[in-house]
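Next come the structures, one after another.
Two complexes, one shared chain (chain A), two partners (chain B, chain C).
Presenting the complex of A and B:
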């Protein structure tokens, strides 16, 4: 029965209360452990298609008569357009339409000012050179602390306090205080941000877009053009990465749609790689002024953090203080978060926004505190484990962090051996860090399952697979419920006109939001198949089940599923399912711990990460192969964040100095350590019919802190600023030498 | 833009005038063209006229980095410099002469800031971000020369032969000045054809990078030992490849605030390289 409920909706740590209609989730969870399809490694159902270049990404789409847009981007961090002359561009060869000024005041380098649509991209780019702009340069604001001092914030400061922080510090036997900093890093998805817009009539628009949320694009574009949402169709069949940066339409979609309307042709607007490094969002830099106190028995008595996010010209304030609020059971915590409004590009969500940055600061600080107390860092974390949500006292729907710690123990115990393998200037050490993050997903999300005469099934839902393999997981879930092999299940997704509403693929939510809906739809189809079979074979429904592509009777009889579905001829069995509500009054979170082994050349500042063991608790794992790929991807992205990636801005002009992939340094395969993945794989008994949480974000959360803690273990040096370049590493080593001359380059005891 | 494909050195030389540029592997030139940093009147494709190949002590200027890297008769310093440069794909295309002539990676220069190398009157790196920049000869321009091969070949006492002259490799390079912003002495209509080098008793190339592979040198150290002594040459530390007359010269480096760490790395790598060729 449909039920109207008020529910808390969470995406990327941002909560909203909404009324929604949900179907009851009546299916019992499967027992723990691998089943026929679910819980067993499955290769991607579209892997060959992708590898052979047959998958059609947005970047591949060519529509008849399609024009190409080129975008004029302002060169200044802060300036006003005094005059814009598009006439020469309008007359240039091949040009069919011009657009501008898109805004009068540009607030960051690369903000769109004007656009041209032409028959070819080269013609559009050539025409851009003819656009005349008169600029009035304005003073850029680039320093986050200065922005805070001037009260230039993107939104009001958020302060959150529990307990009595002053008393907490007064009761502490040991207090540590430190400033941590993280840099701005870029998503640099393989497929750049892009959209193709085509008006079918004055009031019907199709948008092909590389996106993480086809329904969100539909909603926003419909609102922008004041259209009924059903007259906007959004398509994203294959997608080349987003990492949080592709949740909204952004200017390129509106540029394409405006120019398409003006010219009567489909228009493609695609960011270049350089644009991608200028104007496609970023993980904002942070300044974290942190303080922690503990009693000598290892109880953390107070935590305090003042967080400044270098948010940029727009965007929102990701919760850098979130880990400090949530990770430990400490009674007294105070955090303040501010987002500085600066003349740099707006931040966008980037794989666990806020928590990646905040976990670096917090989990390094916790190690500093453990060292002062003389406590083992793993034991110290165990002693401060939170049994329930420390913010509001709610129980967790499930939490197996202690089990993660137990499984981390053998990796942690390698440290004596690792330290002993230090060799000459190469000092080796081990560090760990905990992970906490959201990832429970939620309603609404719907799926249909269609079974035809041939006995094969199609999952139909307008979700998107952003490259993470979620389509494969859906096929596994449907196959499990229908008793079919996975390769007898197709998945039709990525088109708002061809399936029901589905979740955003952000906030680690695709599997926990979509998986239960797909299972419910498959169960509905399975029920109908059994009803028909019962009539055909004159048996009771309750003795029949679906297994191995067959209809199986409790008395041992079995028939190929086609014997029943074949009766349908052109008929189809249609199952429908929806995502049930999240458990009332419970906090749904993901947990984990990573243990890093590093080697540091104390003479040259080179840091090599040799091994990372990643233990995460995300409920039931649908596809262990896909899950380990997610863990590896998250850790590699985290490695870049930790060691080599940084968007650099000229301190005087705010110009982005790292606009290409030779200066913006992502890790190469040579930098990738051995990665050992261990997923706890215990279903969350309170969460949906699957007990599965999301895994997209958890693996990147603790990586930087685990590496930095390993560096401290190896060298005694405190690295408190990302990325840990050779310059930063040598600085920290020098500081450590000056502080403790007797421990030059020696492994910390 | 015109593409010329001369079939003799003479034809190539006469085509290389009036603002045209030579195109070999294209790994450096194509990005510069795309960004509009180089805007030539014509491209002169020289692959048919520049010698390729490796003989004892002799390298055709059109030989690729990939070929050098794989040939056992090439001294270690040059093979190692090649294998630590760029990526396999780029090494399969890029030629040795092209590598010697590559431009700085200075981000201000690459972003067309009107800096001194572009004929302007300021060095933006000195007043801005410069952690990848020079520790020697950085008063006028703080750019760093990126070529690993130049350092290796200088350590091998290489000599160049162009269509016009023979010169020690060190004379290919010049520090930019107020009067002349060029960083090489290659003239109009001049084409590097071949290189010769002296076989060392031992040699090695060490390179500090921001990641394990596929990055330009923070500091590269080429070291070789001959009967009459050692040669030490650094990449990534000055607007041109930098020959160290003596290791103690590093004590007299003039780093910028953001490049002091490079001196520390250079000292270590020089010591290790010297140990490596003993």
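Presenting the complex of A and C:
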């Protein structure tokens, strides 16, 4: 039965209260442990298509008559367009349409000013060179602290306080205070942001786009052009990575649609790699001024954080203070978060936005506190474990963080051995950090399952697989419920005209949102198959089940499923399913811990990460193979964030100095440490018919802090700024040497 | 009008001087398995083989490959590495994967049983932002089944 409820919806840590219509979720969870398909390693159902180069990404689509757009992006961090002359460009060879000025004032380098559509991209680019712009340069605001001082914020400051912070610090035996900084990092998905827009009638638009949210694009584009949403079709069959940066249409989609309307032809607008590094979003830099107090028994008595996000010209204030609020059971916590409005590109969500940055600061601070107390960092974390949501007292739907700590123990105990392997200037050590993040998903999300005469099934839903393997997980879930082998289940996705509404693939939400809907749809189809079989074989429905591609009777009889579905001829069995509500009054979160082993050359400042053990609790694991890939991928991105990646801006002009993939240094295969993945794999008993949470983001959350804490263990130096370049490492070593000359950084005799 | 030989087929292509091989492969020959991710030689997504040697097709001018044999992912679709990559889950979004496989095919052709270090050296020019590197290493180590 459809039920109208008021529910709390969470995406990337942002909550909204909404009315929502949900179908009651009536299926019981499967018992814990691997089943026929679910819980067993599965290779990707579209793996061959991708590996053989057959998969068509947005970048590969060529429509008949398609034009190519090139975009003129402003060179200044802050400037006004005084005059824009597009006439020479309009007359250039091959040009079919021009657009501009797109805006009068540009607020960051790379903001779109004008665009040209031509028969070829080379012609469009040549025409752009003929565009004349007269600029009036304006003073750029680039310093986050100065922006805060001038009250130049993207939104009001958020302050949150619980308990009595002053008393908490007064009761503390030890207090540590430190400033941590994290840098701006760039998503750099391999497929750049791009869209092809085609008007199929003056009021019907089709958008092919590399996106994480086909339905969100549909809503925003429809609103922009004042069209009924059903007259906008959005397609994304394969996409080449997003990591949070591809949730919205952005300038390139509107440029393509405007030029397509003007020229009457489909138009493709793709960011170049350099555009991508200028104007496609970033994980914002942060400044974190933190204070923590604890009693000598290891109880944290107060936490305080002042967080400034270098948000940029637009975007939102990701919750850098979130980990401080949520991770520990500390009674007294005060945080203030501000987002500085600067003349740099708008931030975009990047894999656990806010929590990656905030966990670096918090978990380094916690280790510094543990060191002052002389407590083992793992034991210190156990003592401050929160049994329920520390913010509002709600119970967790499930929490197995203590189990994660237990499983981390053997990795942690390698410490003596690792330290003892220090060799000359190479000092070795082990560090850990805890992880907390969202990842519960939610309604609305729908799926259909279609079974035809041949006895094979298709999951139909307009979700997207952004490379995480979500389509494969859906096939496993449907296969499990229908008693079919996984390779008898196909998944049709990525097209708003060919399936029901599906959730955004962000906030680690695809599996927890879509999985239960797919299971419900498959169960609906399975029920119908059994109803038909019962009539055909003159048996009671309750004695029949589906297993191994067969209809199985309790008395031992069994028939191939085609024996029933074959009766349909052209008929189809259609199952319908939707995501039920989230558990009322409970907090759904993911947990974990990572243990890093590092080697530091105290003479050159070189840092090498040798090994990372990752233990995470995300409820039931659908595909252990795909899950281990998610963990490795998150850690490797975290490694880049920790050691090498940084968007550098000219401090005077705000110009982006790292626009290419040789200047912006992402990890290569040669940089990767040994990674050990261990997932707790206990279903969340309160969450949906699956008990599964999301895993896309949790693995990147604790990596930087675990590495920094390992560096402290190896050298005694406190690194408090990312990335940990050789300069930062040598600075931290020097500072530590001045503080404790006898202990730190002296090469072994 | 340069004549190029791709995956054993001869093509006469119309291309202005200065046109890249990647552009011709993708836009004119419809061989979109070769991806372009940076278009300036930094990422390896556009890797193809020229007479068996991996090269960056975005930086290679089509006029310079006349009379030579170009092999793209479309010519390597039945290479055992393709199955090895899928088996090991050595791909996520898959955008860099054809380039990875083309590089790896040249690597194992020259050295059928590469060590871990040789794999890491041979594959360091192919960036994967999803971070499938441990699985790529596994796929190449186990490509012979």
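Following the convention adopted for this analysis, the second predicted complex is superposed on the first by the 745 of 749 C-alpha atoms of A that agree within 3 Å, B and C clash if a C-alpha of one lies under 4 Å from a C-alpha of the other, contacts with A are read in each partner's own complex, and residues count from 1 in each chain.
Keep in mind that, in the parts below, a residue touches a chain if its C-beta (ideal position, glycine included) is under 8 Å from a C-beta of that chain, and two chains touch if they have at least 3 such contacts.
Predicted model only: the values in this text are computed from it and were never measured.
*Asks:* Mind checking chain B and chain C on superposed chain A, clash or fit?
*Replies:* Aligned through their shared chain, the two binders fit side by side on chain A.
*Asks:* More chain A residues touched by chain B or by chain C?
*Replies:* Touching more residues of chain A than the other partner does is C.
*Asks:* Taking the superposition as given, does A:665 touch the first partner, chain B, the second, chain C, both, or neither?
*Replies:* The first partner, chain B, only.
*Asks:* Using the touch definition from the top, say if A:730 reaches chain B (first), chain C (second), both or neither.
*Replies:* After superposing on A, A:730 lies in contact with chain B but is clear of chain C.
*Asks:* Counting only touches as set out at the top, which of chain B and chain C does A:535 meet: first, second, both, neither?
*Replies:* neither
*Asks:* State whether A:657 touches chain B only (first), chain C only (second), both chains, or neither.
*Replies:* The answer is first: A:657 touches chain B but not chain C.
*Asks:* Touch check for A:604: first (chain B), second (chain C), both, or neither?
*Replies:* first
*Asks:* Name the contact category of A:643: first (chain B only), second (chain C only), both, or neither.
*Replies:* first
*Asks:* Between chain B and chain C, report the minimum C-alpha distance in the superposition, expressed in whole angstrom.
*Replies:* 5
*Asks:* Where on chain A do the contacts from chain B and from chain C line up?
*Replies:* Looking at chain A, the two contact sets intersect at 660, 662, 667-668, 670.
*Asks:* For chain B, which residues count as touching chain A in their complex?
*Replies:* Of all residues in chain B, those touching chain A are 105, 107-108, 110-111, 113, 124, 127-129, 131, 208, 210-216, 218, 258, 261, 264-265, 268-269.
*Asks:* What does chain C use to touch chain A in their complex?
*Replies:* Listed in rising order, the residues are 26-27, 31-40, 42-43, 45, 72-74, 77, 82-83, 85-87, 89, 91-98, 101, 119-121, 123-137.
*Asks:* Touching residues of chain A toward chain C in the complex: what are they?
*Replies:* Those residues of chain A that touch chain C are 43-44, 46-48, 50-57, 59-60, 62, 187-192, 238-241, 243, 272-273, 466-469, 625-626, 628-629, 632-637, 660-662, 666-670, 672, 675.
*Asks:* Looking at the complex, which residues from chain A come into contact with chain B?
*Replies:* 425, 603-606, 608, 643-644, 648, 650-652, 655, 657-660, 662-663, 665, 667-668, 670-671, 725-727, 730-731
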